[in-house]
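Please read the structure below before turning to the comments.
Chain nomenclature is as follows: A, B, C and D, assigned in order of appearance, with residue numbering initiated at 1 for each chain independently.
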Amino acid sequence: MNKIRVGILGATGMVGQQYVSLLEGHPWFEVTHVVASPSSAGKSYAEAVKGRWHMKKDIPAGVAGLVVQSVENLDAVKDCDFVFSALDSDIAKIWEEKYAEAGIPVVSNASTHRHTKDVPMIMPEVNPHHLDIIKEQQKARGWSRGFIVVKPNCSIQSYVAPLAALHKDFKLKSVIVTTMQAISGAGFPGVASYDILDNVVPFIGGEETKSEIEPRKILGSIKDGAFVYDESFTISAHCNRVPTIDGHLATVSFTCETKPSREDILVRWKNFRGVPQELNLPFAPKQAIIYREEENRPQVRLDRDTDKGMAVTVGRLREDPVMQWKFVGLSHNTIRGAAGGGILIAELLRANGYIG
Amino acid sequence: MNKIRVGILGATGMVGQQYVSLLEGHPWFEVTHVVASPSSAGKSYAEAVKGRWHMKKDIPAGVAGLVVQSVENLDAVKDCDFVFSALDSDIAKIWEEKYAEAGIPVVSNASTHRHTKDVPMIMPEVNPHHLDIIKEQQKARGWSRGFIVVKPNCSIQSYVAPLAALHKDFKLKSVIVTTMQAISGAGFPGVASYDILDNVVPFIGGEETKSEIEPRKILGSIKDGAFVYDESFTISAHCNRVPTIDGHLATVSFTCETKPSREDILVRWKNFRGVPQELNLPFAPKQAIIYREEENRPQVRLDRDTDKGMAVTVGRLREDPVMQWKFVGLSHNTIRGAAGGGILIAELLRANGYIG
Amino acid sequence: MNKIRVGILGATGMVGQQYVSLLEGHPWFEVTHVVASPSSAGKSYAEAVKGRWHMKKDIPAGVAGLVVQSVENLDAVKDCDFVFSALDSDIAKIWEEKYAEAGIPVVSNASTHRHTKDVPMIMPEVNPHHLDIIKEQQKARGWSRGFIVVKPNCSIQSYVAPLAALHKDFKLKSVIVTTMQAISGAGFPGVASYDILDNVVPFIGGEETKSEIEPRKILGSIKDGAFVYDESFTISAHCNRVPTIDGHLATVSFTCETKPSREDILVRWKNFRGVPQELNLPFAPKQAIIYREEENRPQVRLDRDTDKGMAVTVGRLREDPVMQWKFVGLSHNTIRGAAGGGILIAELLRANGYIG
Amino acid sequence: MNKIRVGILGATGMVGQQYVSLLEGHPWFEVTHVVASPSSAGKSYAEAVKGRWHMKKDIPAGVAGLVVQSVENLDAVKDCDFVFSALDSDIAKIWEEKYAEAGIPVVSNASTHRHTKDVPMIMPEVNPHHLDIIKEQQKARGWSRGFIVVKPNCSIQSYVAPLAALHKDFKLKSVIVTTMQAISGAGFPGVASYDILDNVVPFIGGEETKSEIEPRKILGSIKDGAFVYDESFTISAHCNRVPTIDGHLATVSFTCETKPSREDILVRWKNFRGVPQELNLPFAPKQAIIYREEENRPQVRLDRDTDKGMAVTVGRLREDPVMQWKFVGLSHNTIRGAAGGGILIAELLRANGYIG
């Protein structure tokens, strides 16, 4: 089988590099185009990232020699089957729609279209049916082959799946979450070392709003070609930057309309399987939510890489004296929370015939 | 004036060293006795801590030459005016009452007597009137001059004062707090570096219970020679160890019976003054609660040392979508939360004629 | 083929756990016996390490259920083909010879026998011929099947191979090396976090002597059944502990009798191949010494895991104004420098018919 | 006495902020002018540094309200007695001479003029007599009151004083030094946290050359209105960035023409006093070089703040198998190595009548 041809918009940045690195050897996808700002255009990818390649693995041989295209040159990527967008939000705003209009499906990490009414924000295990809106999106905009799908923010990955697993049966009502987020979440150069060594910064611009609102769209429904947010629950988020490299940890207290038993919760987490698991997608973790019995887990450094960094690890489920239950969740912010999550969305799109 | 003669039980440990270090040059108190386990007895203090002195300042000259006494040898400290106890809880259990019985007031950092019914657990700005129970404690136990007073856990210092400032007028109902606690809170050797570098450990043994229950005694009342806990509010705590050296940060969401306005809260924090401020005690911070207007403060490394490490710094007061309000609090765990807090209690005792 | 049966002495400690973890799925070796102090004996391995398992991977299923044997019970491991010893040096002193005497080959990480005159200290790419002494060792001691082979200290791995690659042709004369060693080198609990966060400790007990002397044995020769150390060169070492998790970095200045050209050095590093590479041993890195051209490499976090943590990465070769040349070297201290290095020695022993 | 009026060029940057912070309450100097890039001009200092004030102490009240002047507006600072320059090197190149020409003495942290032949590079305890060249500098350039004096690089502070203390009597010949430098040495934002957490970067652009060459000027002499570098010794430097906040540590091996005894060295370090000590200058450390007897000192976090961060702490003096002696040195890079060092130079200038 010929591999699907993939372009990466914003290929020279941190998230773009992660796409390049994670896609090496992918069974379905092959990086054939690397796109960046006009200033990098014309260089080989290896030249363009020289001195600022941040991945542990070296640049994959098949990508190092690709010539970087300017994001403004849509023609150059016309023969891509789809693109991952790792563009900054302000650039994404200008270009993502143009790519979709030009017939190229866009799987985006940018926050630009997360609340666009006909753009699905996908967590593959949670709301794969939201892809249904793609046809309406195309129709409304007069696009034939192109469309836009987005990935939610990295900060919500550690608690949305565990809560979604309970929502159907017990109706989530309220959640208070405190995140302890790794520095890699800020991209590169991101957080100055002087600001975070021996420190906690209890503020990340815009992050609390994202953490409170995005889950409502993900757990929402489609009506008349637009998303209806699930307003049946409320989330309060405290977002903090801590001196860890990768892995966002969250402490979570929550209340449901019907209080689940401990067994209710553990069973649903254990049995939480989604389309990615059923289809056995390449980047799907075998077990989407892993509950650790140890009293001091999950821990950031020990558990973030679980199942290639794609599983969510939870632990410490215990009764909450104020709300009903509390627990700790962890997910790898630059794999599940960024490029890995984007790849899993693309795999889902492929399995459903939207691309390829 | 002759200085008050002070002994330190557990003088060679981490908290003991902090007492020794912080008391250097104290206007009222002079360390005249250093007490430790029998294995250190007979050595000079300098010898006893050789290779394990962890303070930045060198050993104060006046203490370096003191001969370490065995904790079992009560006679040796008979001429102390009072002692600070930095004993481990299991040792404290055996010895603190014997010292009190022998006529020596004990100001303790140990958790042993925190819930003993006639022992006051003091935050000097919050419940100085709890010292009234001392007379009943002495009477009930037949002690003449000795008594026991304890300091609460370091984890609660960053949120109890800010909440106590509101409790009287608005009646606290429920609180959800997540702490991010520094490694020095675990003593020495404490947390292995391999366990905490590039990591967050979402568990500290016993800490969540302390964080949830101790505030109820501190905000409680005295009845018939015993403390009645304030059961009118409930706290849920998530306690985490993070890779910072000193300073416990807390994110706090809370609800009161009557919802205070933003102004209500800020005014009460600003005006929060207690007996230590009125009496201008040497270790009292000028302003007990300091509100920072910046959107990204308090930060652990920048704010922990505020006013010699004795002030609580708060910030980011904002409406909470689930509860009423949320904010961030910070206090220095080894100064305000340990030896510095103990010294302020002793100053309060002195000012009220209980010692000296 | 039946796998070779392997026992691990000191299986519950940090290095023992690394052996257990790294040997999972090994093509030749199978862990069949786990040995620890009498206090752990009788428990399953999973129970024995409960709450103190420090590896990222979970306990391999095949080892979790093994019953821990007491180190004092030699009979229990009689049917092992050989053992890895991860015993503390003082315990190793008592037991390693007993195991060898009982017919069990011992591959040891302990420092006990590093300078025993008939015990080879092996770096598989550098001095595989030193295994020749095994027969003399057995003969002199009246041992039939058993023998002792040791692995050198982790601190020397980053500079001995690069220097050995030059010694034959240019005759090394003097070396000044400064190591920046990771906390995992101290085992567990090892370095207290309070001692190393935001700190460098310019002292590691005994480490400088090991770093200066061990290379002389490794580059030495055998005469009359004993090792003759190579006294033709001198090393001066400054050993420091820095706040990194894994990976020992070294800055190295050196002088040879004949000054090599830059090309001379780079060619010898590139072509440095040893028996492990020729035999294609399972744990052998493909390229034993990897030279990075970037001006700011090797870096600890980026390069320590190169080729499963078994390769030495060097960089920044430049003329030294005082000596002849200087460079930077890096190796993974708990893989190449500990269990991985031990496994490679065992593979070499197997390939040469000493075990199995 | 009226205080001397001081301007700070580059006042909004990290080093500029340190000058502002350290000069608060200075007995002789008063910050009366803050100068920055044209983009900040016209704002109050508090506004100009809003959101990027990095000091632990809040902005001194007396400076917060000063109006920031553009560096291009020399008239604005005409009534300063002198200025500290914390300008970036490229800007310093353009402006420092203009200020001097305009009659304003410049004490500079920039590297621009460190090797200008008639500009003295001063370590106040080592080469205060180099100030003699100021008159020749002024004469040659036709300047009346203005002149330029510079401070050397922060990386050399931990070893130059200890070596200079020996040079006169024993004639230094060769030195090999490895530095482990704190992140604050790179300014702000400086090193990205992603680049340094759990890492060592064995490269700092330009730093090794500075570390090798600057000491030769400092220990050199003046001839015919120009500096003659001391070529009698050679230094080889390996410069590394490590994850510490403040404090540059160095491991040093050295050889002298005449080998000093251990006693020779310790006595000279102990007795090392310079003009700053004799004149009892406000920022002078009482003891310029402090030798710690403990086997594991100096340590970065414990010793960097010694004597307000102005003393150099040394330790671990031992024979070197390759050279003659080796030791460890430490100095605070942003105090002694930057603003504090600049202030001490200014105090020396004042004491010698060059300013004020």
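Criterion: a contact is a pair of C-beta atoms (placed from the backbone, for glycine too) under 8 Å apart; a residue touches a chain by one contact, two chains touch by 3 or more.
It should be emphasised that the depicted structure is a prediction, and the values quoted were computed from it without experimental measurement.
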Enumerate, in label order, the chains that touch chain C and chain D alike.
A, B
The chain pair with the larger count of contacting C-beta pairs, comparing A-C against A-D, is A-D
Distance-maximising chain from chain D - centres being C-alpha averages
A
What is the distance in Å between the mean C-alpha positions of chain A and chain C?
41
How many angstrom lie between the centres of chain A and chain B, each centre taken as the mean Cα position?
43
Just the number, please: Cα centre separation of chain A and chain D in whole Å.
47
Residue numbers in chain A touching 2 or more other chains?
197-198, 243-245, 301-302
Within the complex, chain B is touched by chain D residues 51, 56, 197-198, 245, 294, 301-302, 305
Contacts from chain A onto chain B in the complex sit at residues 174-176, 178, 180, 197-203, 212, 234-236, 238, 240, 242-245, 249, 251, 253, 295-302, 315-316, 320-323, 326, 328
Would you mind writing out the residues of chain C in touch with chain B in their complex?
54, 183-184, 188-198, 243-245
